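Look at the two complexes coming up: chain A is in both, with chain B in one and chain C in the other.
The block that comes next holds the complex of A and B.
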């Protein structure tokens, strides 16, 4: 009951925080796509560099998110606020995105590429018309993980001054205001599960018919 | 930043926090292994495959819930302290291990199983002496994913009074003491990275040479 009460009394705040949350997630995912997808494509050219960069990405991915935000806050150029939050989220997206682009492109049958070359396709066209369409199932899976993960970690950015859905949880904890906390947790969970399901459905649609695996 | 604060953070606060954090991680992972490996074995038996799909979907949904939300939901239901934190962390550490156990067991070649059956091994012996050893590298990689995850979300457990390294970070943020922040965050990162390295080394060691992928 108190949940519904809290919800109806604070609709405006909820909308404001959700807006902030989505803006942060959108920016982070957008920047990550712009940086990491080309990086992943480049890495397919050199196995040595791929191993190095993937190891680095893995190490970054291990760092607890609260730690990452905390370390960024102490660096003078970043400090409290959106810059640190964005930077941390983009760093976290590195692992799933680079890995999936790399794996997706590497998984394409060598013979198909050979055939394309034999037909006289340029490297650019092979990339656009063969590698990316055939690699898309794995790449999209990485994108899905990135979006869901970013939504979750963005909530933690409330501790470094973001005013988003995580704020309900942090404020609720401090004030021991259970309805507030539970509302925040529920909204974030619903958004994360919803995004995951939605992207999962799209994932099923975009896979070329011949590549579909029956699970 | 002052040396005095660093000294206090490293020598007075950190050992305790590190110990509590390690306890939370160890206990959670132990319980997670005890629950999920038998569950994975059970669900990979041909008879129960139907439940396998449902359980995996359910765990997948649980996994999508952000860690901070799970922690926040655990508080009103389970209260403050270390126990609720362990339960909350447990929820999300199950999926990687169950999924990898199933994937590992399903990945064992049917020929190998048939050969073992032909040698007169019982179903139980095939499971323990053939299937599980062959699936072990994949199971261990699931345990590694879960461990790193628990170390990471474990820092948030400080919010519901479980203590650990998160205490230093959150304390540092609210008092604005960068020294506390750096010590807590640094130790958390080092712990996660070294556990990851350790487990991947173990994974490499127990993989039979013929199965290693370059």
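The block that comes next holds the complex of A and C.
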């Protein structure tokens, strides 16, 4: 009952926080895709650099999110707020995105590439028509993980001034306000599960049919 | 015509070049087989023709033009390429796979569709059933047919085939080989064919180049190579059944000799005398309509004397001992052994046109060896 009460009394705040949360995730995922997908593709050209960059991404991924936010806040250009939050989320997305793009492309049957090259397909065409479509199942799996993970970590950004659903949880904890905590937790979970389900549906549509059929 | 001029390929960190100072020219319209043990450089040579690998030194020329003058993608579009692992795009249908190179050439849709249909039929695949399928839904043999069809899509004058039938089962392989040979009679492409199987080389090649450790050991027609292997390596590579293998180059009609004596069924009493008069060892027996039933030898005829039933029985025992004139010689040899017979009747259609004995085979081989 108190939960419904909380909802009805704070509708505006809930909408504001959800909106903030959602846009932060959207921006973070958008920027991450723009940066890390091309990086992942580029790395497939050089095993040496792939090893280095993947090691770096792994290391970044190991830093606890609270520590990461704390460190970024101390850097003058970032400070409290969205810049630091975005930057941290993009850094976290580095590992799953680069890794999945790299693995996805590297997993494509070498013979298919060899045959395509032997038929005179250009490098760009091989990338567009073969590597990406065939790598899609793995790439998309990484993308889904990134989205869900970003939604979760975004909540923690509340500690550096993001006014989002994480605030309900932190404030709720401080004030021992159970409905507040539950509201935050619930909506974050719904966003995460909702996005993942949506992406699952998209994945079904874009994985090439030939990869799903069997004899 | 494909000419390799002093081609050397040395990979970094390798002491011995993979291909060493190779000069070779492959005539137009012929199947040139590159054969040798694993690691002899044969695939490397093939891949240098379409610039999948660039030679360290030396020049590859196609019809007199240095291949490095053409953009590598353009060059490859104009050369059919078939590899052992086929490499069909798993996310594209069979029709789309075959259409890859025509699409690179930006053919109009209708033209592509027509050509794809033509090729599927030409490859002996069911058009309706195969068209929209994905590669994973086909058998290995069918996939390789698609691989060959794809390479022939824009009718390139040159085809490079790297162990194309190496991964399919022996029965499918024989089929594919036979069909390629049949097709080649019509299309007359310049085909460079890599294999490690000397039998396949002898069967497929108009010319065979044998390699060992990056060096060309012998280059010649299958007959030349089987008749005069240049050294022990070639001899060993061919195997100790060299002369038997050579039989593969011939058909029954190359070795047969004319029939000297044919008798009617009802003339059985005189067979022994007829044979003696004709000075020959064997008589073929036909029915009243002239259809050949079997044969009987002089010694059998003498032994049987006047036993008419025995005579008929003996003739009927040989009723299977006939082959068509185009049968490969080894098959005929095998049949001679199988039927424990000294003679085979050779037919052209239904008509008896000659006969073959062990001696004929021996004479033929001896004649060819002595050439």
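In this section, the second predicted complex is superposed on the first by the 212 of 215 C-alpha atoms of A that agree within 3 Å, B and C clash if a C-alpha of one lies under 4 Å from a C-alpha of the other, contacts with A are read in each partner's own complex, and residues count from 1 in each chain.
In this section, contacts are C-beta pairs under 8 Å (C-beta built on N, C-alpha and C of every residue); 3 or more make two chains touch, one makes a residue touch a chain.
Quick caveat, the model's predicted, so the values are computed rather than measured.
By the document's definition of touching, of the two partners only chain B reaches A:64; chain C does not.
Contacts of A:130 after superposition: chain C is touched, whereas chain B is not reached. In the superposed model, A:115 lies in contact with chain C only, and not with chain B. In the superposed pair of complexes, A:202 makes contact with neither chain B nor chain C. When the two complexes are overlaid on their common chain A, residue A:34 makes contact with neither chain B nor chain C.
Of the two partner chains, chain B is the only one that A:184 touches; chain C does not reach it.
Put chain B and chain C next to each other and count what each touches on chain A; the higher total goes to B. Of the two partner chains, neither chain B nor chain C is touched by A:55.
Once the two complexes are overlaid on chain A, the chain A residues touched by chain B in the first and by chain C in the second are 215.
On the chain A side of its complex with chain B, the touching residues are 58-59, 61-68, 70-71, 73-74, 148, 151-153, 155-156, 159-160, 166, 169-170, 172-173, 178, 181-182, 184-186, 188-189, 192-193, 195-196, 215. Listing the residues of chain C that touch chain A in their complex gives 50, 52, 73-78, 81, 83, 85-93, 100-101, 104, 134-137, 147, 150-151, 160.
Interface of chain B with chain A (complex): residues 53, 60-61, 64-70, 72-73, 75-76, 148, 151-156, 159-160, 165-166, 169-170, 172-173, 178, 181-182, 184-186, 188-189, 192-193, 196.
Against chain C, in their complex, chain A makes its touches with residues 109, 111-122, 129-130, 133-134, 208-211, 213-215.
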